[in-house]
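Presented sequentially are two complexes of chain A, the first with chain B as partner and the second with chain C.
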Partner chain A sequence: MTTTPTPPHSLRTAAEPDTVPDPPPGAPDLHETDGHQPLRRDGDLLLTGRARFVDDIAPRGLMHAAILRSPHPHALIRGVDATRARERADVEVVLTGADAVDLATPLPHFFEPSIVGCRTTEFRCLATDRVRWVGEPVAAVVATSLAAAEAALDDIVVDYEPLPAVLDADEALREDAPVLFEEWGDNRLGLFPFAEGDAAAKIAAAPHVIRDELRVGRQHVAPMETRGYVAEWEPGGRLTLWASTQNPHPLRTNLATTLGVPEDRVRVVATRMGGGFGHKFNGYGEEPLVCLLSRLADAPVKWIETRKDCLLVGAREFTHRFEVGFDDDGVVLGLSDRIVGNIGCLAPWGGWSMTFPAGMTFPGPYRIADYAIESVPVVTNKAPWNGFRGYGKEQAAMALERIMDLVAEHRGIDPAEVRRRNFIPPEAFPFWTAAKHLDSGEYAAALDKALALAGYDALRERQAAALAQGRHLGVGIGFELTPEGGDFAGSFVRGFDTSTVRVHPSGAVSVLTGVTSPGTGNETSIAHLVAREFGIAVEAVGVTQGDTDSCPYGFGNFTSRSLATGGAAAVLAARELRERMADAASALLDADAADFEFRDGAVVSRTAPETSLTFAELAETIYRRGLAAPGLDQPLLEVTRIDLPHNFHHVPDDQGRFSAYPSFPYSAHVALVEVDAETGVVEVLEYSAIDDCGVVISPGFVAGQLYGAIAQGIGGALWEEVPYDEDGAPAAETFKHYLTPRAPDLPSFRLEHQHTPSPFTLLGTKGAGESGVGGAMAALLNAVNDGLRPLGVHAHRVPLTPPVVLDAIVSGGAP
Partner chain B sequence: MTAVEPDAAPERDLALTVNGRRKRVRIEDRQLLVDVLRDNLGMTGTHIGCANGDCGACTVRMDGQITKSCLVLAASAEGADVTTIEGYSPRGTLDHVQQAFWDLDAFQCGFCLPGHLFAVRDLLDRDPDPGEDDIREALRGNLCRCTGYVNLVAAAGEAARREREDQSP
Partner chain C sequence: MIRTHLRYHRPDTPDDAAALLAEHHGRVAVLAGGSQLLPRMHRGEVDLDHVVDLRGLGLRAIERTGGRVRLGAMVTYDDALASALLAEAVPLLPRVARGVTGGRQLTGHATLVGALCHAFPGTDMPGALSALGATVELHGPDGPRECPVDEFLLGAQSIDRRPGEFVAAVTVDGVARSGYCKVKHATGSWPIATASAIEDGDALTVTLGAVQARPLRIVIPDPTRSAVDDAVAAAVTAPWTDVLAPGDYRARIAPVVARRALTELREGAHA
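And now, the complex of A and B:
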């Protein structure tokens, strides 16, 4: 399915070209999806235990760090006595917050809050005078073994004066609440409003109005590999940090700043990553801390996050209070949602700003002229957030989809039909909302395909038959719009990236890129794209990522942008090289450069196929005879490019509209569940989804991303939560408490695809990776409520654990 | 300031067979098998995801039983025959389970692979023709955060099919 909307001209700056360039003659059709993709790179290394992750890095003389963390949610530090720890023979270094003040500057934020008008403050790698969350680092020890380092923590005595703590966001907003950052006066970090039209008036005048609430519990990313860092200083003062990080170059810049080392003398190596999902965005105090400890110990130092410490990092704790006005037909006339995000304590980590897309994503795939959304990040004495796949966009999906179902229930209309009546129609693209310039979409078609895939009508019949036997099946629809590829000028969260392509004399090709892979497979796809440009075997293309000594500056892995940026940059670089090589072939073979095509490992004249050189012969000849032979006047077979800006609108238009995200994939989901009304247990029986992320380079990898996103969404909807106890400590410290899905918890997912290319990106791609989380959460939320409908109750809280479902049944479902 | 000598951790010699080779290592009594495999013997393909027996990334085969090596004191492995992921298949080869995992894209980051490979191998050794529910049940002790288990389950079924095909005349 293809739509070709015309890009708007008036709203773009000169630096933002309107259209993607025409491909050079003979270039492969980038929108062609032949279904072929190479096997995942390094699969054999992973399958035989020979791939190296950060914890496998062990330089000679390695020492180990352990970190003392606050047991209090809020306290003053009156003193730290590390005398006894320092006296231990196996302890090399003890560092307190007071010691560290002179050794490292305040930490740069992953995303400086003041860029978007929020309050801000400074943080050190170790707390100095005050702790604000259980788990905040207070002191660190380096010892010859991890066991010795951990044992020495017991010998550090911290004199705390506990302060009143606040854990709930609503309580934190009260006037008498304990204030975390006194200079702010209250606990509000900021306010993100997104509005068009006059929602209040339209709601007031609407024939029907629903007011309701949705609460989402604190959740956690849980990559299988936790974070870790290994630091080593060379005698000349050069630092290497091996890090499980999603952003090696920005991390290098920040380390140079924090440690006062010239940036070129810092090397960050992002090791093979055992899952990221946002957990490994930079900004953590441990990053410079491990480097400091190594410098003080004069030895390489390793720190690996424990699972308990990993589980400290939060996300997704939101409350929605929404109001929707609609007509008899279920068409939404006005919508408001006041969203409060309990972001825990502020930190330099990259999580609090999930409150921005949580509001920005509204009104999702729906054409609602009058809406007023406010998203308010609030600090409390819980641990800070870092990124979690979905990045707040799942909040909009849950609230909007819940609203669609409530409207449907109110009007007695099928929930799928209510969505069809409210979707933005295909002919309306590109489509502006307050903070999004939507690229393209066939939303109703995707929903109808999902319904067909699920056998929606048959599910309804099964539901009725089951109910007659006293069983509560529920069918839930979730439609998700997923803004991807965001570009936030002023931060290192940028929407472009850089790739170098280098052709060696042997004909081997290297790609060095600023994007990294957390396990998504983009390195395989980038090799595939570059091999296609040169008409050579994919095995001849090597891809290097994550090493700041060899790769061009880039921003790493986030917001599902790696292929659209790093991949596109590599294609542009390869095309430039191909032109140079065609010119050389033209001089060597006395034929028109435009006549050459690159295929099957050779450079071949289209009109006279016997006129050809192998790709390797041509490359070697250019190196050996460049500048010496007539016509061989460009012997540099290396090009570095960034991808072209695409559909970014940083300067607000005359109506104040802007768009920080360039691409808008979407997905439609249908879930079938059974709710046990006696126990509150929800079983997921069937799951179907359609996704549309535009042009797909590697269909298998995109499907894999969707599968993983759906599983994370189901886990978030049904089981995953980090509750806090009354003392302000997190109660989930292991996977026995934090329940991510296991294989028997899930059905197989039926997944099919629709392709509506982005008219704005070089490859026509829209970003894949995050899409699916919100749709799954919404589908499950609606399915459980659909199952509860015969009981006359609603559930308003996620995750829908058995106690939550039972409580809804028993209490009658009042919010 | 006088240095305080910490209490010396009790130590012992441990003899065991790892991936078909006899090893003798000096260990502390408190060391877990996973730490001895990784730190003393360099078998870093065995991963630590939780150190609590929940995730399965540290799975090895010990005297024929698939075992979470973070739940085993190394000292109790005296004389044991241990196979890690490095020795799961002969060097330079992939068995049907590994190849099907690769062909069907059953993993993404790959950190959890020791648990999933050994669990599927163990299942197929017991049941050459498992159904989807059998496969999902066999994977219960392992966590994967990337794949939603869809391709893992499919690959386990595919590996079983290839093995049956191999064995039929």
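And now, the complex of A and C:
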């Protein structure tokens, strides 16, 4: 299924490329989805436990760091006495915030809030005079063993003067609330408005109006591998940091700034990652801290985040207060949602800005001319956020999908039909909203496929039959639009990336790329793309990522952009090399360069197939005879290119519209649950989904991402939460407190795919990875509420834990 | 990371074990399966210098003793699941063991007695062993001591274990007819409420676990729905609150869990 919208008038500066370049003659069809893919690189190592992660890095003489963290949600630091810790024989270094001030500059933000008009402030790697959240680093110890380092923390005495703390976002917005950053005057970080038309007037004039509220609790990424860093300084002053990070190059730049070291003398190696999801965006104080500790200890130093510390990092605590006006047919006439995000304390980490997509994603897949969305990030004395897969987009999915179901319930129309009546139709693309230029989509088709896959009509019959027996089955639809590939100029969150392709004399090919893999397998896909361009075996292509000494500058891994940027750049570089090699073949074999095709490991004349060289022979000949033999004029078999999705609109148009995201994959979900009305326990019985991320390069990896996204979405909808106690401390410290789904909690997922290529990316891809989290959360939210319908109640508090569901049943559903 | 230098002891006799425990009282823990103790040590939640491993004492038998069944301190969940004696004489215990999560890594080394001694309200064993009228056999510097389980369990994570003592075994009544119900949030969740229903002659009891700090044994005079609900509601006076569920939730579902255990007792366990 292909839509072919014409590329729009570009609002970007002239220097930026405008459209997808035309493929050269003989290039493989990049939009082909052949369903084949190579095996995952290093899959054998992973399956047999031989893959190496950051905690496996152990340079000779390694020492270990432990970090003292604030026990108070808000307090002044009146003094730190580390005398006793320093006296311990096995302790090498004790560093306090006051010590560190002269050793490291304030930390660069992952995304500087002032770029988007928000308030900002400075942070150090260790707190100096004030702590604002339980868990904030206050001092650090290096010792000969981790046990000794942790034990020494007990010998550091911090004199705190506790201050009033505020944990709830609504309370933090009150005039009498304790203020975290006094220079701001209040706790509001900023405001992101997204509006078109006149929502208030349309809602006021609408025949039917629903006002309601949806609350989402604080959640956490829960990567299998926590963060970790190993720093080592060479005697000449060169620093190497092995880091479980999603952004090795920006991390290197920031370390150079913070530590005052020339950037070229810093090497960051992003080690193999056991899950990123946004938790490993750079910006953490521990990044320069571990480097500093290593310098002071004059030894390599390792710090690995404990699970308890990992669970400090938050996300997703939002409240939606929405109002929707609609007509008799369930067509939405006007929509408003005031979204408040409890971002915890501000930090240089990459999480607070999830409040931007939370609003920007509205009105999702729906054609709603009049809407007014406000998203307000509010600081509190909880630990800061970092990124969490979905990155706020799941908020729009949950709110919009809940609204569709409420409208359907109100009008007595099937919820699927209400969605069909409100979808943006396929012929409307590309489609502008206030902050999105949507690329392409077949939304109703995707929903209908999901309904068919789920056996939707039969589910409704089973639901009715079960109800007759007193059982509460619920069917929930979730449709998610997932903006991907975002570009935020002024930050290192950029929409382009870089790849180098190098052909060696033996015919081996290296790809060095600025995009990194969180474990998704994009290195395998990039090798596949390059091998396809050269017509050689995928095994002949090596891919290097994450090492700043060898890879071109890149922005790493975020917003499902790897193939649309680094993958596309590698294809462009390979094409340029192929042209050079075809020219050389032309000179060597006396044939027209355009006549050569690259296939089966050889460069072959189309018209005279006996006129050929193997790929390796040609490469070696170019190295051995280039600039010596006639016609072999370009022996440089290395090309570096950048690419990006060609759908960024940074400068607002005359209606104030802009688009920082270029690609818009989507997915349709149908869940069947059973709600135990006596206990509130929800069981997920069946799950079906259709995704459309445009052209698919590696179907297995895309399906793998969708499986993971759905599982993570179900966990977020039903169980995952980090509550805080009345003392302002997080109450979830282990996976017995923070409940992620385990295999028995999930049914087998039925997945199928739809492919609507992006007209704006080289490969037609839109991005796979995040998509599915919000759809799953929305489907579960709706399924549980559908199950509660016969009881006449709603549950609008996520996660829908058994206490929440039973509370709704008992209390009559008031939110 | 375990922060202290630990001395590991593996005594060969109960008296040696008791002597070690007495000598290092306050700085020592008993090690059975270690499934609770070791993670807590790694997280720095317990601060010890010594552990006394019981595996040298041969306490892994499940055996008849008089009219009762005796389980040694080292009996694991896997042992309970494999025991023909328990299946016949005390089917409640394998029934409970089947629902313990953590997979083979846990069931192969976590012990029933260890779970009892951990005495965390959100676990299965305190409630189940209380339902079975267990007697706790301790061994200390003064020799053996027996203690009814309801006296042994003093409160949340609090047991009547005197300096130098360790639990060598528990003995339970043979109870052929029982039913069990456990409600929890998800697979990874600890129990939020459990109920063990026991029929002994004409007497019907339900013992609630995880609902309060200590197990709650309730005599059910009349198995009708309203009578069970009333009896349970009257008995639950101080429901347990933890990070996963507030006390009022436990109070609400306690009658439901009790009824479901009684239903299983009456109708047998479903798949």
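Descriptive notes on the structure:
Throughout what follows, the second predicted complex is superposed on the first by the 805 of 815 C-alpha atoms of A that agree within 3 Å, B and C clash if a C-alpha of one lies under 4 Å from a C-alpha of the other, contacts with A are read in each partner's own complex, and residues count from 1 in each chain.
One rule holds in what follows: contacts are C-beta pairs under 8 Å (C-beta built on N, C-alpha and C of every residue); 3 or more make two chains touch, one makes a residue touch a chain.
Treat the numbers as computed from the prediction; the structure is a model and nothing was measured.
After overlaying the two complexes on the shared chain, residue contacts for A:G519 are found with chain B alone; chain C is out of touch. Taking chain A as the reference, the larger set of touched residues comes from B, when chain B and chain C are compared. Shared-chain residue A:P723: touches chain C; no touch with chain B.
In the superposed model, A:P803 lies in contact with chain C only, and not with chain B.
Legend: residue contacts after superposition of the two complexes on their common chain; A:G455 is shown touching neither chain B nor chain C. Legend: residue contacts after superposition of the two complexes on their common chain; A:P38 is shown touching neither chain B nor chain C. By the touch criterion defined above, A:A732 lies against chain C but remains apart from chain B after alignment on the C-alpha atoms of chain A. Look at A:L46: by the touch rule set out above, it reaches chain B but stays clear of chain C.
In the overlay built on the shared chain, the residue A:P744 is in contact with chain B and with chain C. Of the two partner chains placed around the shared chain by superposition, neither chain B nor chain C is touched by A:G601. Shared interface residues of chain A, touching chain B in one complex and chain C in the other, are 147-148, 151, 306, 734-736, 740-744. Put simply, chain A touches chain B in their complex at residues 39-40, 43-44, 46-53, 55-56, 58, 84, 86-90, 147-148, 151, 222-226, 272-275, 277, 304, 306-307, 518-521, 700-701, 704, 707-712, 734-736, 740-744, 746, 748-749. Residue ranges on chain C touching chain A, taken from their complex, read 1-4, 39, 43-44, 101, 183, 185-190, 192, 243-246, 249, 252-253, 256-257. Listed in rising order, the residues of chain B touching chain A in the complex are 1-6, 9, 28, 30, 38-39, 43-52, 54-55, 57, 84-86, 88-89, 91, 94, 98, 101-103, 105, 107-114, 117, 132-133, 135-137, 139-140, 142-154. Listed in rising order, the residues of chain A touching chain C in the complex are 145-148, 150-151, 306, 308, 678-681, 718-719, 723, 731-737, 739-745, 801-803, 806-807, 810.
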